[in-house]
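Two complexes come next, and they have one chain in common, chain A, joined by chain B in the first and chain C in the second.
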Partner chain A sequence: MTASVLLSLNTLVAVLFLLTAFMMISARQAQAVLYLYVGQGLLLAASTMLLAAHFASPELVIVAAITLLAKPIAIPLLINRLLSPALRRRRELSSVLGIPVALIIALLLAVVAYAVARPQVAGQDPAAATNLSIGLVVTLLGVFLLAIRREALPQLFALMTIDNGVFFAGIAITTSSALVEFAAALEGVMVVMIVALLARTIALTLGSTDTGEMTALRERERKP
Partner chain B sequence: MVWLMPIPALLAALWSRWLPGARWVTVLAALLGFALALVGAHNILHGQNLPTPQSWIGLDALGAVFALLTAFLGVTASLYSGPYIAHHLAHVADPRAGLRRYYVYFNLFLASLLAVPLMQQPALAWVTVELTTLFSIFLVGFDGSKPALEAAWKYAVITIMGATVAALGFFLLLWGLQRAGGGPQTFAALVQASPLMNPLLRKVAFALILFGFGSKIGLVPIHTWLPDAHSQAPTPVCALLSGIEVSLILYVVMRLLPVFIGIPGLHLEHWLSVIGLVSVGVAAFLLLQVHDYKRLFAYSTVEHMGILMTALGLGKIAAYPVVLQVLTHALTKSLAFYAAGIVLVITGTREISAVRGLLRKRPWTAALLLAAALAIAGAPPFAVFSSEFAILRAAAAGGDYVSLVLLATFIIIAFAGILIQGNHMVFGEPSPAVASAVHGPRGLQWVAVLALLPVLVLGLWMPAPLSQLLHAAARQLTGGLAP
Partner chain C sequence: MFEHVVINIMQLAYVLLLAPLAKGVLNRMKERLQGKAGPSIFQSYYDLRKLFAKDEIVSEQSSWIFRAAPYVAFIAPLLVTLLIPVLTDYPLFMAFMADMVGAGFILALSGLFTALAAVDTANPYGAMGASRTRMVGFLVEPVFMMIFFAVSFTANSTIPYIVQQQWVSTPAAFFEPAHLLLVVAMLMIILAETGKIPVDNPSGDFELAMIDEAKNLEYSGRGAALMHWAGAMKLVVLLTVLLNVLLAPWGLASKVSIGAVLLAVPLIALKMLIALAVLAVIEVSFAKLRLFRIPEFLGAAFAVAAIAMIARVFLP
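And then the complex of A and B:
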């Protein structure tokens, strides 16, 4: 493949990656969020592979392989095992904001973040510029997603979206330190495992994963 | 040899998983860790085994202060854990399993804490910081009760989010380093290369790291998880979390300050001051209306982290006071939690309103609690008074009167808040919960007395080697502060 084809493919992957973040904000079912996460993982692995070819970096091929095994395969299987009741539930996910409002705010956030990020990476390597700005935007959208979701499971996926966004930017800019990414990838799996275990404990103990209902800990008027 | 510091705790974690006697093995491991930290500090005072710009692991003066504190708190917390956890699990169906789980996570947590000041590479420092979070999540939710799980969930979600966002900042800095000519990916190399980096890149990295690690330090407005997590965990874990864990995150930020200083158009010192003052102010007013005494001390951590941020914003003049404040806060905050833990064990309630008249019924516990409250509020002759006073004096000497007046006002409000609540618990007629108080394990009081000693002594007299080490750490810190 020629360099320009690689680059345009990578841009296409980046656009789709951004799209999955928006779709996650608009998703109404837990199952749909899981599928979107699988898609996100596949796109992340694809971008890593394209960048490996672009930078001719064998380390990135390894990172791509780990990503492909962990994000779209191992983590979803793990979540499916640990949290299957929450995943199977057909009830609509609850959100602090209505979906149209959330989407509009997310769009504004994305435009502002992109407008801020893009000029800063102008003049850099074009692949790095794409991944860095899209990665930043997806990270920000992930933080927003975390803030508006009320149940444990979608919050977990929001955390992983943030992780994916950071990783999407990371693969383009740390080509010489695959070790760092290797550690980060393993760390990511561990984080998911621990948070999923915690969510399972909460579901088993409290019978619900609606963390929005967890309001025991706050300052209230002192009893006389 | 200092790199061995986290190893005893790691081995103790393995031991606790399969073998009996975890309680004393944990204490032994903590003592070994403390001995290694002392060796490290001794080496630094004699100029031996200092890390080179290439080394990825090692201990410098600033790191040694944090390592010593972590190791000392590790010793007191492990001593306190024995009687506390045994008492805590006395009525559980299978106390053995609970004990095993506790000591495995406790030792892993302590090992990760001890690893943070050793890391000379930002990426590794980030990984160890994330490990401290991961291992402490289960300690926060150890109770398995509804509020404990709620606290653990908030803690996990918010701080992992923060760390992940900060990771992007670290990636950007490493990228900048690579573009500025590469070299080993250590803090030292990063500081050296920072003038060559694109200022915009440094600005974005600063914003990401400040937001990300700020949420882990518990700075307002992302502090909401801190009082929950730092009050729901078992008491010895609270002492480690509030006493040193948040300070260690601040330590990583301190190591990075020289990279961010002098970015054109970014007044680093103003950012630090404003964020610090907002945190102190909000925490001071929350201290007045808190209803749970463990949360009281947790909010005081938010206050103290704010004081430290404000002091960092004062510039080079406040370098020594900052290091001193880290020391006094860690020692005093652990004491405060140990005292609060005894009250919790004997009365069984966390409500301030339910605890009254401790002095009549349990004079020793009452005296310890009162001493802890006075010490953490910053009353003389305790150690926090000297460091807070030094910070205020630095603000006056530097001519930063806005910070001086606001900081002094907030500290006085916080002082009043802590003492009003402490008064309520110690004096007066015993309330029903206090009147029916049980006898707690004796060991808890001895550990609290042990924790009180340095708080009292350092307020009056500073040993020469410790003073040398603090000054060396302060000199190292000045590189990242405004003139």
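And then the complex of A and C:
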């Protein structure tokens, strides 16, 4: 494969990665969010593989393999096991903002993030420039998603989206020593386990994972 | 010169005569996918013949707009046909009269007339349908604008014939992310504009839930026939823009000869058949959205088109 085909494929993967972040903002069902997260993991692994071929870096191949095992397989299985009731609930996820408004704010965020990222990546390798800017945008969108969601499960996925965004930028700049990526990919599983256990405990105690309602320390202080 | 005139007439005839067939094929495929036998693929022609033979009744209270609207709606897709590559990949002499924005304006004019005509007779369902179509219409508008921006950034032009050359020039240009996202956004727009299922149910009979069909309820006889025909032609024209300009500009005639153009007809009809099959699958596998969910669907289309533009402008 020639270099230009690799680059344009990587750009395609990057844009699809960005699209999953947008779709996560507009998703209304917990399961849809999970599927989007799986898609995001697959795209992340694909981009890592493409960059491994682009930079001819064997370390990135290992990172891609770990990503493929951890993000689209292990983490969804773990969440499925620990938070099955929250995942199966057919009720619509609630959001602080309406979806069209949230999408427009997300678009503005994306443009701002590009404006910030562009001078930084000028003169870099084109693949690194793509991954850095898209990674930054997805990280910002993840923060935004964390802010507008009310339930614990989509917030967990927002957290993992931030993680994915950082990872997406990271694979483009560390090519020789991929130790950080190994750690990051494995740490993701740990984070999911801890947050999911926490959410499960909250759900068992209070009967819901709606963190938007948890405004007081003790239950009886809540207004009737 | 003479051949150009004949080819232009052939393009018009292609859209005019095959549009009811496209509608019939789509309906038949939808019914077959649902496990029913479905009507004949020529059913739309029978319907048109029946409607043309019937008397037309026009309310005394209605104004000239009600009588003019079917003709405006009927002519608008034909005018657009003159601007876009239907059978040939070289521009015919009307091609530079207007670009994609101009074509959009022509279709918007027909939309305006049908909406006004629906309000004109004071039929409550007509006004409801008109206000809903306008709601969908002005949500579609920004997405169209985004698509035009992205197209003009990529191809440096919005003349359909020039845009179309852009995608076939190299395979890298075809697999460009901006291009693929544009196609997705355009498909979502076509679903909304022609009243297909995630937005509207074209086969529904329940007036309260209608969007697109409610505007035509007052028409009878020739007016109804023209309106139905116009709807079918609009679908064919929009699909032609999607297929021949944006997605797959292959199979078009590239030589200025009537034989070459005749040879292109079955190839283009085949492409259209595939597109109709995709539409049928979409229509069968999704449920109609609630009215207030439509802004979300079109908001998603807007996001897709905006990402296409971002990808075009910012990414290397």
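In this section, the second predicted complex is superposed on the first by the 216 of 224 C-alpha atoms of A that agree within 3 Å, B and C clash if a C-alpha of one lies under 4 Å from a C-alpha of the other, contacts with A are read in each partner's own complex, and residues count from 1 in each chain.
The definition used in the following text is that a residue touches a chain if its C-beta (ideal position, glycine included) is under 8 Å from a C-beta of that chain, and two chains touch if they have at least 3 such contacts.
Computed from a predicted model, the values in this text were never measured in an experiment.
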| item | value |
| --- | --- |
| Fit-or-clash call for chain B and chain C when the two complexes are aligned on chain A | fit |
| Chain C versus chain B, contacts on chain A by residue | B |
| Spatial angle chain C-chain A-chain B, Cα centroids [nearest 10 degrees] | 150 |
| First, second, both or neither for A:R89, with chain B first and chain C second | neither |
| Touched partner set for A:R150, first chain B, second chain C, both or neither | neither |
| Touching partner for A:L107 - first (chain B), second (chain C), both, neither | second |
| First, second, both or neither for A:E187, with chain B first and chain C second | first |
| First (chain B), second (chain C), both or neither touched by A:A14 | second |
| Overlay on shared chain A, then closest C-alpha pair between chain B and chain C (Å) | 18 |
| Interface residues, chain A side, partner chain B - complex | 117, 120, 135-136, 139, 143, 146, 152, 155, 159, 162-163, 165-166, 169-170, 173-174, 176-177, 180, 183-184, 187, 190-191, 194-195, 198-199, 201-202, 205-206, 211, 214, 216-217, 219-220, 222-224 |
| Chain A - residues contacting chain C, complex | 4-5, 7-9, 11-12, 14-16, 18-19, 22-23, 26, 99-100, 103-104, 106-107, 110-111, 114, 118, 126, 129-130, 133-134 |
| Chain B to chain A touching residues, read off their complex | 123, 127, 130, 134, 137-138, 141, 144, 146-147, 149-154, 156-157, 160-161, 164-165, 167-168, 171-172, 174-175, 178, 182, 185, 198, 200-201, 204, 227-228, 232, 286, 289-291, 295, 351-353 |
| Residue numbers on chain C that touch chain A, as the complex places them | 172, 175-178, 180-181, 295-296, 299-300, 302-304, 306-307, 310-311, 314-316 |
